[in-house]
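One structure is given below, represented as structure tokens, and several questions about it will come after.
Just so it is clear, A, B, C and D label the chains in written order, and each chain counts residues from 1 on its own.
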């Protein structure tokens, strides 16, 4: 996976980037933590958000989890349902 | 009040006595406690009930409260609403 | 709004009554007639009330709840008469700005109703009947 | 029963779904759009969800609740899209044999939904808008 990964955006992250998905360059064997670092570099506007989590295939992911090219990846800003 | 007082009955007390109100002899100046004693004497069948309270004019009454002939008096077996 | 009624309880009407522009949370508690008590099959329940006092005791409970929580609107409706399995015996609804108060006030009201309000319930089984709570 | 829907929440249908012969207690929680947040007047709310994950996270919460309390039936319905003041944003309903469990499970479910389910709410004021909880 020496290319890029598509990341779904919601809520404030979608508003700040103006996109509902972004493509982030990522090396093979990269982890969720690596992805977050890349996202923060590419989109400094997201720095003001209280917390950003990553979901992989619809599950909250730990920062050590390694990503593969088939994963559905989403950026999860602080939730506010209910 | 040297005569008797009418006491409203509900639930198990109505079933045990077969009446929805009973007349209990009571001296002038008698208290709620006196009334309960009279009721227990006249209706020994009520002895098996877990507790019996008296309401006077729609309010729970303490045993010291003195009754007057104009009071609406009710015998309150353990409640079970809800 | 407090009521003691022989008619079925109208949940949508209670909901409409509770809604207001300030209400962010509504908690509803429904007490429903179950088909058994301690595994003994129940055929029906018969509720009886000392009407005037039942209403004034429910009002006292509501007044205390209103002092304790920021209640925007509330409704307490209790059935009387014969109820079949599945019938709603009591509805408590509380509307507040935020949810903690709605849950707490609703729970306080139903817990206290069961302790102080002169309403009596007779369980009619297939093989007998019994006034609830009456015996030691 | 778990749902994420753009349609208005049908409370009577949820009630019918929850009723069963064993249910003695039903607790309903409704989260409703209020007309203000910290005294700032709200015009409307816009809810957005990561649908697939919102549903699976709500299912996890329901599964935990079912392990913890004797739940006969439950329903969790969350709205998405644009909601006006007075609209129901979320309905939690829990039916149990006795009341304590209904209150506790219902409260657990709504409290946990607000912490873990990927649904986002934007408050649209008369003079601006803001994603709730997003900023420190």
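Brief remarks on what is shown
As a convention for this text, a contact is a pair of C-beta atoms (placed from the backbone, for glycine too) under 8 Å apart; a residue touches a chain by one contact, two chains touch by 3 or more.
Here the structure is a predicted model, which is why all the values come from computation and not from measurement.
Chains that touch both subunit A and subunit C are the following: D. Among the remaining chains, the Cα-based centre furthest from that of subunit D is the centre of B. Separating the centre of subunit A from that of subunit B, both taken as means of CA atoms, is a distance of 73 Å.
Averaging C-alpha coordinates per chain places the centre of subunit B 26 Å away from that of subunit C. Our note on geometry: subunit B versus subunit D, Cα centroid distance of 49 Å, whole angstroms. Subunit D has its Cα centroid 23 Å from the Cα centroid of subunit C.
With touch defined as above, residues shared between interfaces to two or more other chains in subunit C number as follows: 31, 110. Pairwise, the chains that touch each other are A-D, B-C, C-D. Interface residues of subunit C facing subunit B in the complex, by the touch rule stated above, are 31, 47-50, 52-54, 56, 78, 89-90, 110, 113-122, 131-136. Note for the complex: subunit B touches subunit C at residues 8, 10-12, 14-15, 48-50, 55, 58-60, 74, 76-82.
Interface of subunit D with subunit C (complex): residues 11-12, 15, 19-36, 85-86, 95, 97, 99, 102-103, 106-107, 110.
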